[in-house]
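Scrolling down, you'll hit the structures one after another.
Next come two complexes built around chain A: one with chain B, the other with chain C.
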Partner chain A sequence: MTKIAYYPGCTLKNKARALDEEARAAARLLGYEFEEIDEWQCCGGAFTTSRDEIATKLAAARALTWARDHGGRVVTVCSACYNVLKQTNAAFRTDSEFAAKVSRYEKTDPPYRGEAEVVHWFELLRDEIGFDKLRAAVKKPLKGRKIAPYYGCLLLRPSETLAFDSPENPTVMEDFIRALGAEPVRYAMRNECCGGYLTLEDRDAAKKRSAAVLSSAVEMGADCMITACPLCLYNLTKNAAGPLEIRYFTDVLAEALGLKEGGENA
Partner chain B sequence: MQKIGVFVCHCGTNIAATVDVKAVVDALAKEPSVVFAADYPYMCSESGQNLIKDAIREHELTGVVICSCSPRMHEVTFRRAAASAGLNPYLVEVANIREQCSWIHKDKAEATEKAIILGRAAIAKALLNAPLIAGESPVTKRALVIGGGIAGIQTALDIAEAGFPVDIVEQKPTIGGKMAQIDKTFPTLDCSACILTPKMVECAQNENIRIFSYSEVESVSGFVGSFTVKIRKKARYVDEVKCTGCGLCTEKCPVKNVPNEFNLGFDNRRAVYIPFAQAIPKIAVIDPDRCNMLKNGKCGLCSRVCEAGAINYKQTDEIVEEHYGAIVAATGYEISDVTRYGEYAYTESKDVITSLEFERLTNAAGPTGGVLLRPSDGKHPHTIVFIQCVGSRCVLEKGKPYCSKICCMYTAKHAMLTREKYPDTEVYVFYIDVRTPGKNFDEFYRRAAEEFGVHYIKGAVGKIVPRADGTLDVQAADLIMDEQLRISADLVVLAAAIEPSKTARKLATMLTASMDTNDFFTEAHPKLRPVESPTAGIFLSGVCQGPKDIPETVSQAGACAAKVIGLLSKNKLTGNPCVAHSDELMCNGCSSCANVCPYGAITYLDKEFRMPDRTTKVRRVASVNPAVCQGCGACTVACPSGAMDLSGFSNSQIMAEVDAICR
Partner chain C sequence: MNKQDLKEEIVRMSGSAVEKCMRCGKCSASCPSYEDMEYHPHEFVYLVEKGDIEKLMASESIYKCLTCFACVERCPRGVEPAKVVEAVRLIVIREQGMNRLKPDDIPGLWDKDLPQQAIVTAMRKYTK
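After this line comes the complex of A and B, so read on.
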């Protein structure tokens, strides 16, 4: 059992409780113990970090420092947390003024300089566990399911900093779906924005974005869509309607690994 | 007693606006050994040169220092002037107070001070100059052209026409290059193959031209006038002399599924093939990666059907060594990788194609017989979107910063021809700018837009989405109307950036020819010597030097040939006397110099030396071939014992310059 520092994020403790529980359960099955960071705070979401000040990045900085001192890595499941942690970490590495300011404020000793690595659960699956091992661990293959992977933007961009996958034609979720025994559906809007926080200010605009994503997937024959992002899930379910079932990726993962009772969506 | 004359140039206002020329004259006139100092508005002009000549005669100068532009510009001019006044040309020293001083400084006081210091350093060096006499070397009266596209073909034809033998080395099995794949040429719309193939035939028939097809340059040694080149003739597994080009083998070969390079993979060829009907030389070639006989010894059908007995499965690569006086790089271009632009869905949809692929789809000799059918389902496309500048003028790392120059015109050609042949097809062109400088070019573009009703839209395509019904959803911005567009297209054509051939970088290293950051060969002077490489004896033809269209390529090929002819018509070349030499008494034979020499000019000799006790001892010492040495000076820096020195740039001269600067 490999121990790895884990940053759940607040949505995973509220609305998306299953996302948290299923991610941990699947991790345990595949040999990883997610060790929750002590006293972690909300990452602030991608929205607040767009402002050029350090206060909005302190929560991420604390989590990163903790991870440095507890194994050197931190894993996330939520796209937004991943984005914020990784971008903040990059800022520590490239912006010495920012790093110095945070260290003075936090009094971290030794000062944090971006030593920790931020990884997404997908990256662990792809790069360390390997999809072959995942395929072997699948108890209930999702045969015949046509699953549309929805990347959204937070997993992929800015691509130089996140270096998660190709920003235009990513493949990790497709490979993940194949490993679970289902058929990935290629559709063009898979890496387009769902509307994001726009739903707060201009709900109609957000609705248009979500509808475009959904109709593109439906057109290509999907019967289910998976995402790693609570905000995407919110927009795709609340701001658009369609025949498509929208699920967290951990949900289908847990189902295929036989961690869910009855094997159906809980 | 040395007598130095100092001449300070104003270069109009180029120098005089930033450097107080009079102050420089006054300061340098006070330097020891300086007997004459003067300034002049343009020292390179005839009257400026006369000023130098008169001073040499009148003051019996033993050295001349000219404070002016870079020695790359006018050192030769001033050396000639000195020589005509009876002074050895290598006693002339140039201090660069333009590129390295006036052009890069703003403060006049600082620039003046720096100009004086640079002048002082040049005087210190001039005091140690020794008269040098240039040697002579012979000229091999044969030229090598590397690359058999239209650039190489035209250069070879022009050189051959002047009576000099010339060899073409082409890596593909046939000459012809990209022009052979193009359908029509702008702005006259004549058929590309119809004007190219007669030139290809001429190459084959001209007795001064030899074609090494399916061959590569393996190594290059020597120098201007006498290059030695090893050429690898790759095994074709077909006897070039015996093969009649009948093509029977290419019809009988059972391996039918090899993507045809000439048609960019739109159809298939056999494992034994002739690239296209008008190939020169028209000789079959066996693809060793696909031939069953070569892979596992099972087949041999082509050998059985060949009446000429030309098939030879045992053929191996052959290395031939040839001697040349001049080498022409004509390595051309490739289409850049459009898969780096994931938003255009090139890998996602068969109906997103490059412009060169479009040429094949409209060519009568192409896979569709010239009928425009889309690759996915063979149906006629009713809406076509052309996207320009795919990878060109792109500052991102995946793109090219330069304009590929030909795309605006060929896209106008594609759009116009489509509308002419298929009036029911709507054609959209997305552009950043439409650039059509060239004779009859803008008229051509306007005809496409105005007479043929092509929709030109200034704007960018952000994303292409393949739809379930087989159409492509093109999402774009119209920058003039300031609106978002959605076009449902049947075919999308990407005007991909062109980039230098992948082989060019390796070749440049062999030729010691310089390249820019984009891997285009650098010319000796961007305006005044556009077809020569800075490396003597190396010439440039076609797109390997920079993007250009066919008319421009042909003009440059002719200019390049003229330069080659000029060189080959000389019987002897005057060498550069500023070469390295080794002090044999100090040399310990360590090989440091030979290891750093980029030209292979240093060899070792076992020499007998007389020792103090009247015995003799054999020692290994370095010896420089002055004809091969280019005077780069790398060996003088590498030599641990200080035995290596460079005439005209001796170690003591460099130290004297440094001392003068630090004084």
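After this line comes the complex of A and C, so read on.
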């Protein structure tokens, strides 16, 4: 069992509890023990790009420092946490003034300078576990399912910093879907924004964004869409309607691995 | 703040090299919020470069940006328009009394499926 520091984030402890529980259960089955970061704080959901913003980046900074001192890396499941932690980490590496200011609050010894690595669960699956091993672990292949992978923006951009996958032609979720025995559906809006937090500011505008994503996937024949982001799931289910199931990727993962209720390993 | 100071402040906060813009409009063509904005990403860049920033500050456009980074990704000149939009919005909401979203607004906007993430992210974007 490989231990890895884990940053769950606020929503995975509340509205998206299944995302947390299923990600951990699947990880255990595939040889990883997620070790929750002590006293982690909410990342804030979005990285504030302005270079003079310090306070809004401290929660991420604390998590990163803890990860540095506990194995050297941190895994996330939520797209937003991934984006915030990784962009904050890059700020430590590229902006010494920012790093010095944070050190004045943090008082860590030695001062944090971006040493930790931030990885998403998809990256562990692709780069370490490997899709062949995942395929071999599948108990109930999702045969005949046409699944549209929804990347959205937070996993991919800015690509220079995140380096998660190709920003315009990503493949990791398609490969993931194939490993589970289903068929990935390619559609135009897979890497465009769902409307995000705009749902609280201008719901009608958010509705247009989500509807465009959903109809694009329906047009290409998808019967299900998967996401790693609770806000995407919300927008795509509450701000759009279509003949399409919207699920967390961990949900289809748990199903294929036989970890769901009624499954052999339940 | 006078025009020049305002421009310098925005350039400093965003780190954006607005003068590198060649006005191709690819940022705006990529922007999912295009139709809901009065000023579009390329216009943010242009007006900041000109120092004509008050009209951006007064526009609802600063609240329509999704921070989706499509404009950053697709700009061939590395201008990073999203960071310019964010800096203009921060200049506005950092003023006393200018928070766009207040905690008291949340109950009226809440529904049972709304993830915590939606609230914290909106508070981060619309509140100092």
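A few remarks follow.
Simple rule for what comes next: the second predicted complex is superposed on the first by the 255 of 266 C-alpha atoms of A that agree within 3 Å, B and C clash if a C-alpha of one lies under 4 Å from a C-alpha of the other, contacts with A are read in each partner's own complex, and residues count from 1 in each chain.
Here, a contact is a pair of C-beta atoms (placed from the backbone, for glycine too) under 8 Å apart; a residue touches a chain by one contact, two chains touch by 3 or more.
If you're wondering where the values come from, they're calculated on a predicted model, not measured in any experiment.
In the superposed model, A:221 makes contact with chain B only, not with chain C.
Of the two partner chains, both chain B and chain C are touched by A:167.
Applying the stated contact rule after C-alpha superposition, one finds that A:200 touches chain C and leaves chain B untouched. With both structures placed on the common chain, the touch criterion links A:238 to chain C but leaves chain B unconnected.
When the two structures are aligned on the shared chain, A:100 is found in touch with neither chain B nor chain C. Of the two partner chains placed around the shared chain by superposition, chain C is the only one that A:158 touches, whereas chain B remains out of contact.
For chain A, the partner with contacts to more residues, out of chain B and chain C, is C.
In the overlay built on the shared chain, the residue A:188 is in contact with chain B alone; chain C does not reach it. Of the residues of chain A, those at positions 167-168, 192 touch chain B in one of the two structures and chain C in the other.
Contact residues of chain A toward chain B in the complex are 166-169, 186, 188-189, 192, 216, 219-221. Residues 9-11, 14-16, 42, 44-46, 48-53, 56, 78, 80, 153, 156-159, 167-168, 192-193, 195-202, 205, 208-209, 212, 229-231, 233-234, 237-238 of chain A are the ones that touch chain C when the two sit in their complex.
Chain C meets chain A in the complex at residues 12-15, 32-33, 35-36, 63-64, 66-70, 72-73, 80, 82-83, 86-87, 90, 100-101, 109, 111, 113-122, 124-126.
Against chain A, in their complex, chain B makes its touches with residues 341-343, 345, 347-348, 463-468, 473.
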